[in-house]
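As written, the chain order gives the labels A, B, C, D and E, with residue 1 at the start of each chain.
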Amino acid sequence: MLINCAAYQDGRRIADPPLDQISDYLERPGCFVWVALRDATAQELDLMRREFDLHDLAVEDASHGHQRPKIEEYGDSLFVVMQLLELVGGELNVGEVAIFAGPNYALSVRNRSAQHFLGVRERCEREPHLLRQGSAFVMYALMDAVVDRYFPIIDLLETELESIEERIFTKGRARSNIERLYALKGQVMVLRHAVAPMLEYVGKLYGGRTPPICSNMQEYFRDVGDHLARINASVDAIRDTIGTAITANLSMATIEESEITKRLAAWAGIFAVATAFAGIWGMNFDYMPELHQRWGYPVAIGIIVVACVAVWWGFKRARWL
Amino acid sequence: MLINCAAYQDGRRIADPPLDQISDYLERPGCFVWVALRDATAQELDLMRREFDLHDLAVEDASHGHQRPKIEEYGDSLFVVMQLLELVGGELNVGEVAIFAGPNYALSVRNRSAQHFLGVRERCEREPHLLRQGSAFVMYALMDAVVDRYFPIIDLLETELESIEERIFTKGRARSNIERLYALKGQVMVLRHAVAPMLEYVGKLYGGRTPPICSNMQEYFRDVGDHLARINASVDAIRDTIGTAITANLSMATIEESEITKRLAAWAGIFAVATAFAGIWGMNFDYMPELHQRWGYPVAIGIIVVACVAVWWGFKRARWL
Amino acid sequence: MLINCAAYQDGRRIADPPLDQISDYLERPGCFVWVALRDATAQELDLMRREFDLHDLAVEDASHGHQRPKIEEYGDSLFVVMQLLELVGGELNVGEVAIFAGPNYALSVRNRSAQHFLGVRERCEREPHLLRQGSAFVMYALMDAVVDRYFPIIDLLETELESIEERIFTKGRARSNIERLYALKGQVMVLRHAVAPMLEYVGKLYGGRTPPICSNMQEYFRDVGDHLARINASVDAIRDTIGTAITANLSMATIEESEITKRLAAWAGIFAVATAFAGIWGMNFDYMPELHQRWGYPVAIGIIVVACVAVWWGFKRARWL
Amino acid sequence: MLINCAAYQDGRRIADPPLDQISDYLERPGCFVWVALRDATAQELDLMRREFDLHDLAVEDASHGHQRPKIEEYGDSLFVVMQLLELVGGELNVGEVAIFAGPNYALSVRNRSAQHFLGVRERCEREPHLLRQGSAFVMYALMDAVVDRYFPIIDLLETELESIEERIFTKGRARSNIERLYALKGQVMVLRHAVAPMLEYVGKLYGGRTPPICSNMQEYFRDVGDHLARINASVDAIRDTIGTAITANLSMATIEESEITKRLAAWAGIFAVATAFAGIWGMNFDYMPELHQRWGYPVAIGIIVVACVAVWWGFKRARWL
Amino acid sequence: MLINCAAYQDGRRIADPPLDQISDYLERPGCFVWVALRDATAQELDLMRREFDLHDLAVEDASHGHQRPKIEEYGDSLFVVMQLLELVGGELNVGEVAIFAGPNYALSVRNRSAQHFLGVRERCEREPHLLRQGSAFVMYALMDAVVDRYFPIIDLLETELESIEERIFTKGRARSNIERLYALKGQVMVLRHAVAPMLEYVGKLYGGRTPPICSNMQEYFRDVGDHLARINASVDAIRDTIGTAITANLSMATIEESEITKRLAAWAGIFAVATAFAGIWGMNFDYMPELHQRWGYPVAIGIIVVACVAVWWGFKRARWL
């Protein structure tokens, strides 16, 4: 589905040509065309391929989707795939945006995601001195927007982690903590798969040999790389903490169970003392003088109670109960 | 066993020569011969070695089998070994295909695997503009086919993992989960050994200095490398998840056992209370007034029941039962 | 908020110009201006941007804060972000200092931290032969001061770790040890995030290709790098030890619980012996000759006591009790 | 101890000179001398050092033994140390072979190992077209022989691992499994220390800049490197599996113990039920009507049996027993 | 404190000048001065700094001590810091030696260590053909001596580890094993911090671009590097083994505790059987015919004993006891 298509010259929008008249603008010197598609059909992609002379393999990747994030050079144009992440009902929904950037065109194809980039186009058009740089700036602006949308997600994950950590040593919470940590780990891995490969690819857009169309935009791509590095460091920190927290909680859960067993054993021991005493006075020997005393019974009860309390107090003091 | 042997010129099949007339076609300019063997005998391999002037070490590797995946350069020709994976009855069967690609020939030798590559040849012949590139394209097409067949396997492994994860915290499942996770880990390692070394080798076919026969096919080999990287990332994610899941389930199994012990201890405690009371009224003191009352027995039973219920309720409330 | 602003020539302070007259001094050959701001407002940063011709992205980073430590080159100037760590009430407070260093200016912007750098300026002014090197020396002096302030923090963390380790195998401490280790790990990670990225960036200021303004200061930046490497090695050692210590303490906690259960079970067993004997002599058979002997009762009590003591002694010897 | 010493020209053995006449052959163009020593004395090594002009440090390493595997260049000659592994009575015996290879000589010194290399010499002499390459081929042949002897060892270790894995979840085996896994890990580490450093050093004999005497043997050394990589991959896989298996078995052992405790607790519970009922009818109340009925005793026994069976069945159904 | 100071020419000692006449010898061509200090005072270091024109930062490092091992280039001179390790009463004492080596001087400053290097000087003076190489050889000889003194330490640590491993599965030892392993790990980490950084720095003294004063000593520094690599590999192996051993012993300790609990539960079960039977015959039913038989009591005792033995035997056979 076409979202919009505009031609720019000297950083200003000069026309909104229909898709099949794009080629008129591609030939004008200093002019570039920026097309945005969403969930593009095979026909649309094929039209774009012919208009912009895109490489078969890149078009195939854009139409198949479910790619690993990457930046590939095809001749003098670049092909970028990034993942769009949205938290929908506690689950991370993974969409995708493919960006084709050549000397005189920029094409973005968004798949399986509700996130749009209208704001990016508006911001670009408000800054003609930057947009004048051409399609590389459009590519930067889109990538920057995608990466910026990772920050709220990492914030959410960190908040969730902190809320779990606050009760990491709370009794009776170990089991639910583990389940939440396990779920959190899954989400962190999704974010990591969106960020980690990109980090490596973006590193090739600045410093050393860079693709020609990025050559005067290096500071900007380094900024994107820096943002990715920041997210990646957070992801690694979260993963590390989750690992320790899961281990700690698993042990906590085990300890809690055995602690209860221990206390039950202590109570059983106290009653065993009572039973043993009662058993002794329940023996049927003929000559058990205390049995025939008036004070026998209350004293026996007293001894039993005292013995139980003593044992209870001993366990208490030894922190066994 | 010879599967087929054909000579191509300008991307079109021009003849199906018998093996001993291959040399006639090798000498024609712009012509290359594509031979496919299966479980080749020593004689066949020796014939091929002489026809195509293959290196001794490469032929030895192809005949011995059980190689690590690799790509090696011998002069101006390439020698590729890849593993063919098939899920047969829950087990991953590991076969092998060795590909020799020189300027004017492509030879594939498939060992211990039922997977054939007839479809690859057909597809190549339908695209003469690509096949015109020569043996490097054949090599690419075969490698691409092998790698594409890894995807359904990784899907199966992911499905199995998800099915285990769904019941990772289900009581009573811990033990069977561990066994399944352990088996899954073995399969993932097999896939990893097929993919990880290849990833490194394919990286040498594009970017920087590449073997001459691949020089105008770099985008294609990068595409293979990208697929391998995607599989490798999935493999790493699965391994990581399996590790955490095994740890979690091992602890779950321990916790389950101790939880039952705890509950048994609680029940034993309840009966110990009954026994202690009964023991007391079973003592043989002469003067135990309650023993001689009509209401003594029912009240005693009542007290015992009340005490047991109270203890039971206490345990219940403390979540010990 | 402006802290101070001074112009230097030949290593000596020549003037304290107001912010809007800085440009007069920037034009003088061999003269540089050193400005220190604290929690700078957008206006101040914008003024600085215009005076020193700073890059938009760097200014944005300095005003947003919460950056990852980094060193970036913008043309012939450098932009450094470092974290300022302070232990406030057991918590590590993370502030930030951003340093802009160009051929004829040095600007430091400190955010969210009470640590000031007045001592650095004084020390620099006392060593004019070094300050003569220009803004790179100022940058070095500030970085060196920041890094030096990490050492007392790592000392505190090591002291805390040692105090935990001393009682790592002390009974009854396992649980509180784990909580302290877990908290310590969090603080170590904060320090690590301040140090590890810096280590990499500082490495680019000496050896190989270095930014022009640092070229005759390489030994000094290598010294900063060496300090960072030392802190980083300590951080890694602490992390490694914490990992082992947590694992050990988790197991210790489990072992302690089960050890108590074991001892309770032993005591329960001793009383079970008494109960069993008492039960036997409590049976109602008509012909139990020992019941009718005068010595019956004391001997029975004796047997019970001897049996219990024997069992107790057996448990003791087997170290079960 | 001298094993043998022969001079070769054009790939054919031309003489078996005594050690002190070696120098005559060293001067002949196109001729090289191949000496094999075993557990060489200091005198023999010193003689060799003078004849072949070996470097002091290399001779010292060869005489001291217990080196890490390595390949070192001394001027235009190479010094190789490899470990010889033999399984003797379940233990891995570690011997050593040091190879000195110069333009016109090859010297092998074998220490503390019963493995001989007579077969290598025979094989080389049967292939004069390869032996014509000179001492580098001898060096290759020896290295290849050493590496080939690692394969049966890795096969043995894999077989042992598989035999343990087959019973990894078998009850009652956990403890002995752990001990076997632990012993296996020790052996794997020995193999790893023989292989891993070599892998790195062999990589410097092919590709990029190589020592001059290896320059036309690169395919062969790459083949050795490939074998080492294969062994190394197996070693890593075994290590990884051992790690998981040890963890799993440790937990299994814990689980087994607690499972038995659980079942014992269940049985104790069943008897506690019987005891509680018996205790109730053992109370001495005057008015317990059922005590005076003829059917009282059998009914009581029946109730006790029914209660115990009910409890037993309940436990069984809940899989607690 | 000055240990000694000597001037050398052509590998032979020509004079023992007092410290303030060193400069006379520094100017002579082909002559170098070798000074050894111990726990040097600030005055001594300052004198050395002026005599040899040492860099401020290096002198500062040498006087502060507690450095990470390192090798730094200052112009045409080298600055080396290595750690001296001594086992004093079971603790690893960490001292330091700083070596300054310039074209015509070598200065060693030893701090906080009783290890002296007199033997190194003697050995050097016995080999004038090597000492002729100048200060780089002195530096090599000192470094080699320091590294050689690490070997007995690693041997001690390995011996300790083996002694622990021998009883790793011995019952009742788990707890003390863990404590010893934990202490051993601490010592291994100290050795590792002495070796690992050095390994990296020494690698820069041979191969590729090396500091000029080392250029004809590369084989010797490679030898030092090789020794360090050997120690480092041992350290890594010990660490890996300690990790596994700690894990194993922690589980062993848990298993031992639960095993005892299990056996206690079994014994409690046996007595519970006796108690249950005794309780039944202790019931007060009027019509319990066996109570009135002469054989009743002995038969009851017999039944109880048989039941207990049967249970005991059953537990024994099931390996529960």
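Note that a residue touches a chain if its C-beta (ideal position, glycine included) is under 8 Å from a C-beta of that chain, and two chains touch if they have at least 3 such contacts.
Computed from a prediction, not measured in an experiment: that's the story for all the values here.
Chemist: Could you give the fewest steps needed to travel from chain C to chain E through chains in contact?
Modeler: Shortest path length, in steps: 1.
Chemist: What's the rotation, in steps of 5°, that superposes chain B's Cα atoms on chain C?
Modeler: In degrees, rounded to 5: 145.
Chemist: Taking the mean of the CA coordinates per chain, how far is chain B from chain E in Å?
Modeler: That gives a centre separation of 40 Å.
Chemist: How many angstrom between the C-alpha centroids of chain B and chain A?
Modeler: One centre to the other, that is 25 Å.
Chemist: In chain A, what residues contact two or more other chains?
Modeler: 247, 251, 254, 258, 261, 265, 268, 272, 275, 279, 282-284, 288
Chemist: Can you tell me which positions in chain B touch chain D when the two form their complex?
Modeler: Against chain D, chain B makes touches at 55, 57, 67-68, 70, 72, 74, 172, 175, 178-179, 182, 185-186, 189, 193, 197, 243, 246-247, 250-251, 253-254, 257-258, 260-261, 263-265, 267-268, 271-272, 274-275, 278-279, 281-284, 288, 290-294, 296-297, 300-301, 304.
Chemist: If you look only at chain E, which of its residues touch chain D in the complex?
Modeler: Those in contact with chain D are residues 168-169, 219-220, 222-223, 226, 229-230, 233, 237, 240-241, 244, 247-248, 251, 254-255, 258-259, 261-262, 265-266, 268-269, 272-273, 275-276, 279-280, 282-288, 315, 318-320.
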